[in-house]
């Protein structure tokens, strides 16, 4: 690679001692919204990347791994997926995956940062694709918490694609018992609530385990699942919560029937992948079995 | 972290545009053997790390993920695990895992680089642990190829822990049809040959797929399995080859019975983890199904 | 510094083993012209920086060190500075410094890359300042070589602010005997030709010495001078060539009288600084005294 | 450069946003003494480097620039250089330069960190060379402050090669009025006290100026001088203090006579270099002329 192509780098700092350096081919945008800093860049390996507050949110090359994992197990398991709610998900790919299911008749997405939505439409059209213009989509720019409290509608599936509830994050006030009660109030009876839920890496499982412990106080079935997302340099975890469905026990035939009806082809997910996602290694099962703090 | 702790870094270059930077707390050793460059360092997140030719070989914090995956599925599936052969594996952890099985009566390990073995005994005692002194162990410093050709013994399990067959690697001549014929000659009838087999990352699956295609010409059952190894920043793949056992179909009860007999506790592997390892995502199954070159 | 401010870095590679990393606060522009890649960025220490083909060209914080050194010794020494020619100098600061002298009645600047000129006007207004609109300025977008051959005018001072004549640079064809003959043809009798002339760092003096040796074949007096330019991380060298003036012997009173007449205040240069610039350390004098190749 | 040669890097952090990265060919030593962290490494451009608390102290390739500048102007100016005191200077190169003068009959060096002295003898023999065994050398491991107070001897030249008086440095208590009184008490009448005195870079002159202001309260003549030291990535400053000698006005003939008598050849320093060292640019003279705090 000639030197002129290698002057600008995106450095993701995982800690004071661990960093991933990506040489960038282009910086499309770099700025601040009222809520966070935003950048859209392009690297040779990952293609376009969306960066919020210095953290990779998704990359063109592997965002389907993340978004198919977030959306399809929950939709496959839901007894009623006609109406879906997405919290966050500003880049539009969660919306895109939800709308690939012909059973979905309406999908409401609530994101607080309208600038991220606008930047994603402009710079990341591959993410949202036709979903932004789908008649079933209702994109609300606003506070997810207020939305949950003010609406009376219920949803068969609620997908939370918020950033992690770290102290400085705009998502932090969205992770506590009051909010879970609000979410349950919006969830149809027996519906599925799924959320991205921090990392499952051996060195950093504590936040995920705390999220899982907290949610077990609110739902009959709370299942952890995870996959390595290369652009995150980490094993990324999710939680599937329901009073009726145990996603770890979902029948392979049900999954494959669901996948077969999706518009377009999956890249990552089907019944075999589902088996991988929900089969957890020993060290993670041990961590999840520990007692400890809740939110 | 004070500045004085952060002056020395290990930079692993995955490509001209992707790097992982680890701040080091200590460099125990850095030098060259007749075969490769070797370093033993320590980082805050990964503990001690063994680096060969600039690539991470294993880290104290997660080497059990790699070594349990390399060793135990094969041993669990083998009809006869009384005698095991390890090719490579200089740091001793593969030997340690093999010897945890009380069914193993002898384990021969052949590594060409005696200096790596000596450095591992000195600086990485946690890797080999008591295995170096186990009466069942026979550590041979020498050329694996010559060993395969000169011995007449057969083994119920052969574990290949060689570095990747990249053009400049000392392992390169060990990956071709002649060698596989030699390996089969040393493998007991119906035995299991398992090897670490490059990456399964979405951006770099080609070498693994080529290895798999090649081995399908030699064995009835050739199964890919993989796990994310955090210290490698990658999904790491393995191949299990046998004329009798299909490791993807191994019975959970058999696995758990095998694991229950191991000395000490597993960190990563059991029947549920086995299910994860062998359940492959769509994109990898598609890659493996493609026709293409062989070695 | 919060993590969100430190995700983007400009890495200047001096060699395969030496790099300077600057955390960037902003990337104003990054793209390619027909001649080179261009970026305008901002760092905390250096302010705005202009980067061509991955190399720092000038920084807001210390560009006066470079530009005062390039321009004022030559103008102070020239017997006639009424008309000045600048080759290159696209960011406009060389033009700005020349026009600070009230003795200058016209200054022609010839730069091949009109996009760099336009980007500098837009993003680096501090560099060119009022000079772009000065009635004495004549900015020609075009090939310096063609300009030298086609014009018949002569100039009392010619200032070359071209990038280094490295093999891939657009400046490479501008550094050879034919060009020096063309320059002499445009230089008034006894005029001064000054050029930026690569580094004088102990580890990288060879190109400068070769430039000096070459020019000694064309001019009676050829003097090296240099200063450390922090944004370049290097000792930067210049050559002053004249058949009449020996700049190393220039009278301090002449310098101070010249400086006193300049519009605005100098930051770096006066008679004492001149003494520093032209007093060379032993190792550099030894290098310059060696025989060797010429261009 | 092959990848295997480029895995280990020394990162010097100048600030949270500026870093110099050196690829290392070897780490000879890395550890901690009771006073500081110490490393001895080797890079392609700079050769061996001594690093204390994460900061470059000297490099094989350019240490003569630093050490000749620290020692020879003071010795050249001193009316009596028969006995010299060095404070700090653990790597031995300051001692080596002092002993190159045949006029020096004894040189006492006091360094608190005996481990740095021992490591320098072992790993950096090029620095101290024959000086360690010179009969005129008296190397005292101990506290410089105690030494100054307990001895009654006076010295014609005192050379301070202590690390910068930053808050956490072992040198911090050695920089205040009481210490300067102690130093004057040990300095022969009309002797010269010279010290390394932080940076003169445009972005970081404040500490140097404060040191200069402080010393003007103790000596008739206090002169700043500086040179770019490539391994430091910075303009490095010194202060020459004397009640009799003004080093900025030192006669070139005196300097050249002094240099001619030195054993071996200089690399950097002679009368012309002296002129460069003491001729300061405008911005630094302005900074030094400002009123402000003292130590």
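Labels A, B, C and D are assigned to the chains in the order they are written; within every chain, residues are numbered from 1.
Criterion: contacts are C-beta pairs under 8 Å (C-beta built on N, C-alpha and C of every residue); 3 or more make two chains touch, one makes a residue touch a chain.
Just so we're clear, the structure is a prediction, and the values are computed from it rather than from any experiment.
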| item | value |
| --- | --- |
| Shortest walk length in steps over touching chains, chain B through to chain C | 2 |
| Type of chain C:chain D copy interface by residue overlap (half), same or different | same |
| Chain A-chain C separation of Cα centroids, rounded to whole Å | 52 |
| Geometric centre distance via CA averages, chain D-chain C, whole Å | 33 |
| Gap in Å, rounded to a whole number, between the CA centres of chain D and chain A | 57 |
| In chain D, residues with contacts to at least two other chains | 6, 21 |
| Chain-to-chain touches, reported pairwise for every pair that qualifies | A-B, A-C, B-D, C-D |
| Contacting residues of chain A [partner chain B, same complex] | 1, 6, 15-23, 43-45, 61-62, 65, 201-203, 227-228, 230, 233-235, 266-270, 272-273, 275-276, 279-283, 285 |
| Interface residues, chain A side, partner chain C - complex | 3-13, 21, 24, 26-27, 30, 36-37, 39, 51, 53-54 |
